[in-house]
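Both complexes below contain subunit A, partnered by subunit B and then by subunit C.
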Partner chain A sequence: MNNSIKRNIFRSARLTSLYIVVAGIALIIIFPLFFLFSFSFMSDYETYSEWPKPLVPSVKAEFMIDKDSEGYHLYIYNKSKKDFAGFGPISFNNSETDLTKLSKYIKIQANCKISIEDINSYLSIVDRDGEIRFSARKDLFANYILFFQVTRDAGPSVLRSLMVALFTILISLSIGGMAGYAFARYFFKGKNILKIGVLFVRMFPAVSIAIPMVIILAKMGLTDKPLGLSLVYAVGQISMSIWVTASVFMSIPVSLEEAALIFGTNRIGAFWHITLPLALPGLAACAMYAFIGSWNEVISAIVLTQFNPTFPVVVYKALIRSQSQVNLITAGSITQALPAIIFTLIIRKYILQMWGGVKV
Partner chain B sequence: MAVTLELSNIAKRYSKKVWGVKKMDLQVKNKEFIVLLGPSGCGKTTTMRMVAGLEEVTRGTILLDGKDITDKAPRDRGISMVFQNYAIWPHMTVFDNIAFSLKLQKIPKKEIRLRVEDTAQMVKIQELLERLPGQLSGGQQQRVALARALVVKPKLFLMDEPLSNLDAKLRVIMRTELKAIHLKTGATSIFVTHDQSEAMSMADRIVIMKDGEIVQIGTPDDVYFRSASVFVAGFIGTPPANFFNVHCHIDGKDITLTNENFNLSISRERFENLADYEGKNIILGIRPEDIEIVEESEALFSNEIMVIEPQGSHQVVALNVSDNIVKMIVPAETKLQYNDTLFLNFKMNRLHLFDSDTELRIN
Partner chain C sequence: MTMKNPQLLLSMETRRKIMPYLLIAPVIIYYFIFWLFPVINSVIGSFKDIEDQWTLSNYIYIFKDPVFYQSVINTGILVVFSVTVEFLLAFGLALLINIKFKGSSVFLFLAMIPMALPAVAVGAIWTSGFATRGWLNSFLMTFGFIDDAGKFLFLAGGKYASMLLIIIVDAWQVIPFVMIILLAGLQGIGNDMKEAGYIFGGSRFQVLRKIIIPMLKPTITTAMILRIISAIQIWLIIVMIFGFNRIPVLLEQVVLNVDELGSEFFLRIGMALSVIVALIVSLVAILYLKVSGSFEKKDGDSE
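Here is the complex of A and B:
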């Protein structure tokens, strides 16, 4: 009896410590991502004037205006100091120019929209009562909007990136899929050498073959074009697709196709009705790899684009150019991460089927 | 009866030295149930796949109902097939699996449903039509494969070791059902198996193959009682026939077969073909149930029991006859004990005699 309790305690202690370790590892991985995400919603004031940084961005900002002999003073509530702190110009009067400046300043620094009329009405209350406290709703997506406004070419570059990803998927999946099918179904001389051979293209870092790549693409007239870039990506992705699809097709018994041949269809029909639906999870996984690979790729894209950069290049350039605007960069980064996440979620079902062990 | 399928001189060569089938001539009559039987690698499955059109024919022609189908696509041959691993399409429901070929033929939906349900009834899966194959047991999957093959009403029905993936009990049940279905539909069938008891129990005629060639074609009785070669006699039967190397001595009207254990005298009238074998060695085959326990005075030879294997309905007794294990079948009622000495004789009308060089049957 006593023994079994001891054993139970030991077991639960072991389990608990395991969970603590796992949770710790998860935290180490997730926390920076979470912070990146959180930063992308913070205003400049939150980003640079509050320390320690708040874990979650605020949804509104609180302001205070008071008045003395020099004029009006604006304060903002600083959450880390838990007090109001001076914000904007040392003092201002109710002239049109001062108020316009102030409204702009609030918009840029605190991401709040307060119109001149509102400020005027607040000022009249200050005149009467001596001070006023008011809060304004923060525009959460201001950083995202601003990023696309200030970063030249960000909008079109997203479209270009999507095009590149789409072309990459199409090229790598069609060629790689066909090759994979051949590797899985037919026997020919030098099959294994060829299969390993296709991996060679993945062994060279993009930078080392950048110059020949540029020259070849230039001769094809495809430099600085989405199609050219996707060709470069597809070269690497095809070998990946070949290996994944070959193993997928190998796992589908030939007799399923043969049965289709006997029961009234030809080879193409058998592939279409039987093999393709069964291989879909694997093909989806391939598509995902191709998408993420091409969507996130920077190095080749920097070398091979000039006036038509892809989105990661735009984010990268914004990152190295700006000395201060961290919250804008995070907004760009999150924008870049989002499509890959969404795409993965959409085809998650198929991936689970593939690595969750679907029985054929 | 009209000939349905005719294989003439067909052969399959995989590479320079590897032959799948060396030479094969076979005529299958209408409504006949033919079993291709042989050890693995004998070419029986290759033969079936050539008939199905899944394997190219290296030489020879295949005629079905008088039409040459040697180079036709599988779907144009008017055949259907049950695969060894069932080959049920896992992403389709049972109904879709069975209806696949009918849908491709653009048959009206109502008729498809009717035919599928009829066939499902016949193989007893009518409740499973909306399920996916993954939810079925092996036996049920087998029935789906069977229904899918039956629903097209083929001229020729091919079955490639369809029962080998089932457990032993289910195999025996399905064997009976398959035969009943065959009797009901009357579809001309070719059945491939390596299980001789399956072949014996189902076949109208058995085609025994070895190394890509036919060794014997005949009814179950033919191959059992008149085995064409040592190979056939040793392949058919549980346990298979026992063999003795004997010396043939012909003296006038008497023929004596001798070896170190016994001298067997047989009358010349029954074994006229033996005339040429005077002074030569031949092989004597005897089936386990044709060895009898007799009185000491009538015994041909005696031996101690090595092992007794009770089977319920009968018992199999193994004897060690000069380092040669001989098995015999004894009725269950006979009380035997390990190390008992048995006095034995052969049933004279059940002797199988084979040439020791060619291993072919003499009598």
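Here is the complex of A and C:
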């Protein structure tokens, strides 16, 4: 009796501490991601002129215009100072050129679209009342739109990147999967050495493989082509695939295949009809893993592409040299991260199976 | 299982002998063309000067360069600290959450996001977070933990502060990855084994030390070896946060020479450096496998 109460208390204490730990880790993971997301919707004004920076992007901006002997003055509401602050040109008049400049400035700095006609009508109210306060809806996706304008080659490069990823998956899964099956099902001389040996492939820096590869790919006529790049990516991915597929195949009992053999199928038939369907989730996870690896790779792609860069290269070149604009960089990196995150969502069910019986 | 046809059995026996080699042949061929050939090219290139004459000057140049020693030391510090810290934390977490709980699949998805993120995104998160006027200070200020005078100078800190930041960022991205591998291994250990341990009077710690860890050893070796290989080759995230040459590490120097400086001379230096990096990585990996006893198994040993 006493013991069972003790056990109950112990169990609920364990469960509580489990949830606290899980919530803690989740928070540590989400916290930075939240800001990455948040910044990507902020205007330049929010990220650079407010201190402390807002934690969530605003959906609209508030402006004020007043007038003195020098002309009109524009102010924007600064949330951190809790007051209106000077914005844009010190003063302006209602000439066409001034208003065009002003409208552009508001669009770039505050991500708000205010037409010249609107400003003109506001100015007439200022003439009458002395000042006007108005708010404008912020274009939340302005950074994303700007990102695709800055990176002119983004569209085709996404397509190329997808092709590279697809070829990488096909090569690494077919070649690696065969070897993985051999490691899982057969005993043969040199098995352990080979299995560790394929890992050693990953030990030579990939960049330095990429440079001699330029010559090989040129001989094959694959320079600057998606297939050429995936041939290089597959080098690292194959060794990963071998390990993962070996563990997947190991988790499927041999007895199932043997049963099929008894019923008169040959080995290939047994593999095709019994093992493969059972291994499919693990193989899918392995494929997605290859996808993430190839989708995110930058440096070999920089070496091996010239006129047909992959999407990560386009992002890298567009963003890294312009370190200044945090909001633009975050928008770009979220755009790049999105496909990989979606694929992660797909593989999460299979990931534990994928690492199931991994052994050296 | 009874075989009706002895001849079929025999032919299957020979087939069983050839089959694995047939299955592995494509990998070997692939690696001959797309790995060994470029690697040999790189190694040869590292021993030649710009005029294509045999020389050791590339290596001498590297060994005379103080930045090289600095990058070796930095890499060493980063590897030792990040691999141990990440492993211990990941192992502890994996032990803790090794139960199916409500929302475990959502949690698994969350834990996998950091490793799916491209380096650009990870860099963006932390440069915008660790900047003196970044979101971390903003957050602390908004909720009144610090005032304007008490801002943390994360990125503007000294060398060791920067290294600490790198370790934290790396841990943030990698711990979930290591944890998932270990978790998968833990789930493979049946409950009956643990229960047997408890029945024979073992304490929780004894069960962990005598049953769980030995059974988990293959998984631990996998996780460690993958981590060591990639930890020594850390560079992109450092460059994304600090740029080139602030915190020199081995692979960053390779990329710098190969890609950024962009002349034939530096290309050869980069090749020599990558040979050195490959040697270091292999040495550490072999050392680890030796110490952990993974070579003790004989060929053809069953899994």
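Some notes on this structure:
We adopt the following convention: the second predicted complex is superposed on the first by the 303 of 360 C-alpha atoms of A that agree within 3 Å, B and C clash if a C-alpha of one lies under 4 Å from a C-alpha of the other, contacts with A are read in each partner's own complex, and residues count from 1 in each chain.
The rule is simple: a residue touches a chain if its C-beta (ideal position, glycine included) is under 8 Å from a C-beta of that chain, and two chains touch if they have at least 3 such contacts.
If you're wondering where the values come from, they're calculated on a predicted model, not measured in any experiment.
Using the contact criterion defined above for the overlaid structures, shared-chain residue A:L256 touches subunit B, although it does not reach subunit C. When the two complexes are overlaid on their common chain A, residue A:L278 makes contact with subunit B while staying clear of subunit C. Applying the stated contact rule after C-alpha superposition, one finds that A:F39 touches subunit C and leaves subunit B untouched. With both structures placed on the common chain, the touch criterion links A:L18 to subunit C but leaves subunit B unconnected.
By the touch criterion defined above, A:G264 reaches subunit B but does not reach subunit C.
After superposition on the shared chain, subunit A has more residues touched by C, the comparison being subunit B against subunit C.
Touching of subunit A by both subunit B and subunit C, each in its own complex, is seen for residues 258, 262, 359-360.
Against subunit B, in their complex, subunit A makes its touches with residues 253, 255-256, 258-266, 269, 273-274, 277-278, 359-360. By the touch criterion stated above, subunit B contacts subunit A in their complex at residues 52-54, 73-75, 79-81, 83-85, 87, 89-91, 100-101, 104-105, 134, 148, 152. Taken together, the subunit A residues at the contact with subunit C in this complex read 15, 17-19, 21-22, 25-26, 28-30, 32-33, 35-36, 38-39, 51-55, 174-176, 178-179, 181-182, 184-194, 196, 198-205, 207-213, 215-216, 231-232, 234-235, 238, 242-243, 250, 258, 262, 267, 292, 295-296, 298-299, 302-303, 312, 315-316, 319-320, 323, 326, 329-330, 332-334, 336-337, 340-341, 343-345, 347-349, 351-360.
The part of subunit C that touches subunit A in the complex is made up of residues 1, 15-17, 19-21, 23-24, 26-27, 30-31, 33-35, 37-39, 41-42, 45, 93, 96-97, 99, 101, 103, 105, 107-121, 123-129, 131, 133-135, 137-139, 141-142, 148, 172, 176, 180-181, 183-185, 187-188, 218-219, 221-222, 225-226, 229-230, 233, 236, 240, 251, 254-255, 258-259, 267, 270-271, 274-275, 277-278, 281-282, 285, 289, 294-295, 297-303.
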